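Same chain, two partners: subunit A is paired with subunit B first, then with subunit C.
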Partner chain A sequence: MRSRSLCARSLYVSVVGLAAGFGLAGCTDTSSHHVAKSPGVAAVASYSGTPARVRRMTQSEYTNTISYVFGSDLTIGEPFAPLPRTDGLLASGASSAGMTAGEFQQLQRSASAIASQVVDKGNLGDRTSPRRDFLVPCKPQAVEGPDDACAAKFIRQTGRLLFRHALPDAMVTELTNNAHKGAADLKDFYAGLATVIEGMLLDPGVLLITDTTEADPARPGHLRLTSYALASRLSFFLWDAAPDDELLKAAESGALYTKKGRTAAVDRMLASPRLEAGVRAFFDDMFGFEEFAVTAKDPKTYPMITGQTLLDSREQTLRTVVDHLITRHGDYRDLFLTRNTFISPTLAPVYGVPSTTGWSAYEFPADAHRAGILSQISFLALHSHPARSSATKRGKALRELLLCQKVPPPPPNVDFSAVENPDPTLRTARERLTRHSVNPVCAGCHKITDPIGLALETFDGAGRYRETEKGAKLDTSGSLDGKTFASSEGLGQALHDHPQLGSCLVRRLYSFGTGGPLSNSDTPAVEALSAAFAKSGYRVPDLLRMIALSDAFAEVVEMPPAPVKTAAAGLEQVAK
Partner chain B sequence: MKHTSGIKAGIAACAAGAVLGLSAAASADDAIVNNIRDRSIAYAVSGGHWGFYQTADGKAECPDGINDVGPRETFKALFPDDGTKRSVVDTQLAREAAIWSPEERTYDFPYHYAGGKVGLGLNLDGKVGPNDFTTPDGEKGIDNQLFRALGCLRWLRGPDGIGYHFSDIYMREFNYNRGLIELTNVDSLADDPDVDVTIYRGRDDLMADATGAKIMPGGTQRIDYKFGQKFITHLKGKIVAGVLTTEPVKEMYWPFAWFGGNPGAQHILDMRLRLKLTQEQANGFIAGYENIEEWYYGLARGRSTHHLAYGSVSAPGVYKAIHELADAYPDASGKNTAISMAWGTDLTQVFLQKKPQEVAGDVPVASKTERAGDRR
Partner chain C sequence: MNGINRRCVLRGLLDGTAVCVALPLLNCFLNGNGTALADGSPLPVRFGTWGWGLGLNKAIFVPKKTGANFDLPEEIESLAPIQKHINLFTGFDCFRDAAPNLCHKTGWVIMRAGIAPANQTDLPGETIDVTIAKKISTATRFQTLTATATGNVRDSYSYENAKSVNIADWSPLQFYSKLFGEDFQDPNLPDFKPSARTMVRKSVLSGVLERTQELGKTVGAEDKARLDQYFSGLRDLERQFDQQLKKPEPRAACHPAKAPAEDAKPGLDYELVGLRHKMMTDLMVMAVACDQTRVFNMAIAAQQAATTKPGYDKPHHTATHEEPVDAQLGYQKEVSWFIRREMELWAQYVGAFAKMKEGDGTLLDNVLIYASTDQSLARLHQIDGLPMFTAGRAGGKLKTGLHIAGNGDQGTRLGYTAMKVFGLENASWGTQSNNTSKEIGEILV
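After this line comes the complex of A and B, so read on.
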């Protein structure tokens, strides 16, 4: 049973939906009064801030947060609907996502299940642990009824972590009263507490990440994020989860507004094991891996690709990313050249290599033709058809996901017969696409995708290595924006050397960190960060640090004021 | 005559198939397959059936018909429902006792042997005798008297016989059936006059492919060094036209877990292999002789009466048959104690993780290499 007030707060979400970012007043100061520096990295000047936004928590943010607050053994479910991909990221779509009544029902079920687990008294037979004994920081005087002091202690402690700020006394009192009523009605202290937990998990203050702002004393007339909002932004950026107690303390103390305090907080977060979750969430988003949820291969054509193979291929790439960028502190560009990766038993047959039980580190031999994540199953299989490879899909994915370029969709009247039902004498993808591209309507786009994707034709739609197609020798030569190559390894090198590779990552990471798509006002910051990223040797932890410590990360830039609509103005528009 | 093989790949037919050399080869869909590492390739059992020749209607190999007298039928004949009062001890338990302590002379129910001249397996003694079979492709002198004894049991006939039906399933699902065959010092899977072959028992699950119907090549198996020492056997062999033939060894144990997945083994004497090899599969026969008493008690232990009843298998009848048809290893009285056999096995390529595990005692030791003597 939820309290009426909490129901009302929660229902607000379903009724009003989640709006796009708020337009807030003010321009940013171009003076650099908070300069972020990384060791050996040039200072990143502060040129702008970001709009204050309200965005919906993502599924992974919700899962990580619940896991960190209540324990990783809880069954959480996946109550969130998919987000719209916006400016290359699902995370950016969270700032313009709505919520349906059905989705809210899912959230309610999840919240109810989580609450039940939090106050679970445990059962040896069911092998469930008595979570109430360690998640509730006190014992009620009597289990059969209310205990306001104990309830308030729990609410204050747990609510602070869920809402990401200290709860006002009035709110603690309201929630405690709810717990009291629930315990009295249900004659169970923990059942009463569960109603409050469920209500908190449905509260817009938990589900919505709101960039609350305040006047910026360093820039009179301008706004900055409140310290709690800054803590949330830092935490969701670096950890993909809500702030922990220590970060909230830093926010409460005002330390996040000092250079020393914010640096210490960011460095602690970068050194935390939670960083891996943040990095994984970002690259999973940037690489478009949500598509794995709807990807399947024809089992007759690719019998070695099971559902587990696809899951593991996603995991392989994310492990490679974390290992290369974080553990080894490697050059981001080398992600497209490295032969170091990880292998699972289901991936090994596709790569034709031995494995061990579970995951194990593996380095492809130099002659294995596997270099970089472009040659991993995740990229190759995800950007293929169910029963054949696709040079076009691969080329498009490379440009859009990794270089932040936009490839136009095919025109509605395009004739796909040359590739869908090809002339049987055309044995290779190059031959089929050449025929297809004879049509000038098609050629415009194919010329920017196919010369890239054809280099990867040595990997079939499952990602297995081949040198022929239907017996015909494959020609894997091509070019990427003026740089020619002869093989998939050459494509990896061309991508490695591409000037937009690093800046695209900066764009995506900056969007990911600030919670929305880029706008023109972000350009100076992104350019400065791109230059600093290059100077750092393309070290992602350094980039994360630079973004997190940049002034723009904490400062708020006003959106242009919306035109005032009056009846007269409306009539005037109509007249025009 | 149209016929189907009791196993999926008759060896005689193998020689005509395409074979792949040591170098990497492109499969039908162009993917490069090269599973040979350091001149070695290994395979894990992914299916298996007795090497029984079988035609669609069974008339050729079972001219007297398919056996239809099993435990239910014998019980009904011995103890008709005529109003006689009988005790459980004298009826059900007596029949159970007859399974565990069979007396071949006392079994007096119809039991049909496989007949005809066509059979599967290998020529074990190098001779062409009057009771030997000829393969569908004309190889003479095939020694497989176990086929003669059991080939007309519905239980073991494909595809619906319950023993046949569950055979592949048990081979795949029970890890105690994880027989491994490793070829080392391989220069070519097409032709190599001298290769080393080692048999192990593996420890890991097989991986089904996306169809769910087949086992995927390319898995990895750990070797059971701790509890699988008795399975480790070394053989010498040669590959001709893509078919591996080994010299016989005196004896070997082949993993054979049946009812409930309990660990077991076929104890095969004078054992040798003949397998068609590709980069991803190996198919063929494990052949030799099995001690008839050991074999029979393996049957009794591994299958309950009700399972035998489903296939009309009279255990005492089988006992009588294998004693009558035993063809090797005579005892002091001159009575043969072993019967020639062929087990058709399907294997799928795997990589071996040969590094000894951390478990104490889990290390390789010298194994049986003694060649078969002339004890037939």
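After this line comes the complex of A and C, so read on.
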């Protein structure tokens, strides 16, 4: 029974991770995997589409959209409920998560706060500017009452950006009437306008991103996204925000349906500074950085780690990502080798480098043992216990977050007394975890996580470098899917060379772009994109461009009858 | 209200809305016996929950004596001040049938939703608090309130359905603002004037509701269900606006304090969790006293509690699996330290309701709080013998001060009993082996 269970577990890892087989090989399943016949964008174009989805805006999409439409100085709040991580991304959970009554109460309060800021008349004493003067494109005839023409102008202009399409005349009329009533009842034109803004910010046309479809003239009998829906998909993918005026114009003109027009639109978006927001949102999600909101370190063990240190560590990694991938147009795999990063005053003492004022670029010396983002505090501290490191957590995170594999949870009825450690002579994590490897029930999972994590044991639970633990010299040798190494730098190189590193990023980016978890029908497109990504030298802007310009990005297929059954569910049934 | 009564001596109209100016104020609230509101309607009975993590150590948690005046073993000795207000249930089981035993999930989901989850991503479906809220909490400002002492918005045991969690309020400052900020209507103010802005908001919302319905007609079945929920959320908002346009009933105990000077610091060590728990509890008690909701939830730990002890390198959950059993004591000493702290916070929670006066008794007399956990012996992920508590007398419908031994019976019986106390008409609750139609009669008056 045990061997069957372990076998099933290794099948699970293989299937979910698309692995050809790791140390637990012997139960691989290749039946559902297609081999791309030819790499490159052309191959992607031959596969069709994704399902039309209705997904709720994410918190960051909402924040970025409001900031774009009304200004980045607004206080927006965080009214959205956290999303369930689905197929590796929170953003993919947006296509299935519901919205509770409590969430609407929060959204209403946030909408009210935003609306009042938009029509704010400013305060000379506080040196706050009158936002109404530049966010409302006209002056009412009298502030104390309705002005339908001015209200309609604002509603038409702002509504188009928030709803991501031109508002029908009937809707403009309805909202103008609301503004009229509000202004009359409240005896204030701007107060009336504020109630309309509040209503817009609760409207499903704003908060739900709906893939509207139409018949595809190029593929009789099939559907494609409408041009407005395509504009939204492009914009949320690349900018993590609603389309701007120019993109909406491209949608209105039909240009997004021409190769030339869509290419021009995508290239403009890739060249925009707003690309950084999109890239940051994606990697923040993929790296599981939402956990920073609840991560804290034991102050007795790590007195130098404050909440600001942890926030800065998240920011450090995101800055490194943007700099390496976008600014330098670097190879994605080199993100795990690069010594170039950024340092803040709170990070400097933890890294043992000279303090700075504000953020500054920094290159770690070659002998500093800080190569790649695995050696940054964000990864090391996030995947540790509050008062000590965890080789298991780090190994699990690397496999799940960066290689798209799934490490099964421990069996529920295992008696951990077999690995309890009352022996004070066991000083290092390696010595302690050896207890797991001699227990076959534990070994199945621990041997796919611990050899990775132990290479990072030269960093404590806060990410500080060390060479010993309790006086014992640390052994950082290990292996990753057959590739051995002797140090954390070696682990970075093994990860760099891992065949699934690039394809995992493709899977995640494709999901992020198309708004939901992958299904089997996406496999050909993902594999073709993976090959094209490799051919591009693993340049992320090139991958973004390939996804955005692929036929699959705009074409619609029927929703699969049910979500892909996870290997875990199958495993549990087999294992029983 | 039946026109002018002897306690509300002045009544007028302001913008078409009834205004009560009471002399003296406190006498306006209740009937002559202090057992009902001034209009004769009984004091409302509310339902609450409390969640703790990682169960118990049976040998030092489960009293030897059942019934009244049960003994308090060392792990629960901190419950002495509230013993008369609570019932302790031990030896009740969860049945997973064909589903796997999902670590730290199966137990609490069965206790709160009556269903054994199929996998770790399978959300519970409607939890008992939501079911009861639909019956008793439709006329208050918030249908339910959910808070956590962990500082993590995700740490909630309350689900509207299998796709929607009721997220937890985690920041005392934000919770205060939500409860007693600018939208709060003090029920004890003598004057009341409906807000013109709220009327306009309600009017604007009607168009949003219509567009939601229209959008629902254009999407597939699964998305239609989500649009229906969207519509329900907006309707609830509309209902709230309606509530704000009515003069609230006076509530003698409703005296919100000032906003906390500063928020609780992030972190999971027990000192911080305890401080956050106290701040959130005080706000929750006042919210209930002010009748802002009639269903409320609090948790001091998520499933798989990650709470820490200052200077000890293992969080609670990690300790359950890595700390050796002390050969002399027969249990994991540090794990028990965590459970003892949790019981202290349970005593704090119940005590806060017991201190709040309401009518001729306390707020606790008019609530039923149901407390549950995720495992029994967490070291082995056991879900048999899960401990549970109730607190409060539910308006006189429940006895308290009892230890009830389940002897392997269904743990869902307690949830079903709560449903019956609140007048739900379902003939049974729970699925498969957790299905029950048997109340726990020993605690019923």
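As a working rule, the second predicted complex is superposed on the first by the 504 of 576 C-alpha atoms of A that agree within 3 Å, B and C clash if a C-alpha of one lies under 4 Å from a C-alpha of the other, contacts with A are read in each partner's own complex, and residues count from 1 in each chain.
Note that in this section contacts are C-beta pairs under 8 Å (C-beta built on N, C-alpha and C of every residue); 3 or more make two chains touch, one makes a residue touch a chain.
Predicted model only: the values in this text are computed from it and were never measured.
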Does the subunit A-based superposition show subunit B and subunit C clashing or fitting?
fit
Mind working out whether A:Pro386 is in touch with subunit B, subunit C, both or neither, as first, second, both or neither?
second
Now for A:Leu337: first (subunit B), second (subunit C), both, or neither, which partner does it touch?
neither
A:Ile373 in the overlay: touching subunit B, subunit C, both, or neither? Say first, second, both or neither.
neither
With the two structures laid over each other on chain A, which partner does A:Phe104 touch: subunit B (first), subunit C (second), both, or neither?
second
Go through the superposed model and pick first if A:Asp203 touches only subunit B, second if only subunit C, both, or neither.
second
Per residue count on subunit A, the busier partner among subunit B and subunit C is C
Where does A:Ala265 make contact in the superposed view: on subunit B (first), on subunit C (second), on both, or on neither?
neither
Tell me the contact category for A:Pro409 with respect to subunit B and subunit C: first, second, both or neither.
second
Touched partner set for A:Lys300, first subunit B, second subunit C, both or neither:
both
What does the superposition give for the shortest Cα distance from subunit B to subunit C, in Å?
11
Let me check the overlay on chain A: which residues of subunit A are in contact with subunit B and also with subunit C?
299-301, 307
Sort out for me which residues of subunit A touch subunit B in the complex.
297, 299-307, 309, 345-346, 348-350, 352-357, 460, 462, 464-471
Using the touch rule from the top, collect the residues of subunit A that touch subunit C in their complex.
53-54, 81-82, 84, 86, 96-106, 108-109, 174-175, 178, 181-182, 185-186, 191-192, 195-196, 198-199, 202-205, 208, 210, 212, 293-294, 296, 298-301, 307, 385-388, 409-410, 412-417, 419-422, 559, 566, 568-569, 572, 575-576
Complex contacts: residues of subunit C adjacent to subunit A
98, 100-103, 118-121, 123, 142-144, 146, 150-154, 160-161, 163-167, 178, 183, 196-197, 199-201, 203-205, 207-208, 211-212, 215, 218-220, 222-223, 226-227, 229-230, 232-234, 236-237, 240, 265-269, 306, 308, 310-315, 318, 321-325, 379-381
Interface with subunit A, subunit B side, in the complex: residues 26, 29-35, 37, 204, 207-212, 214, 216-220, 222, 351-353
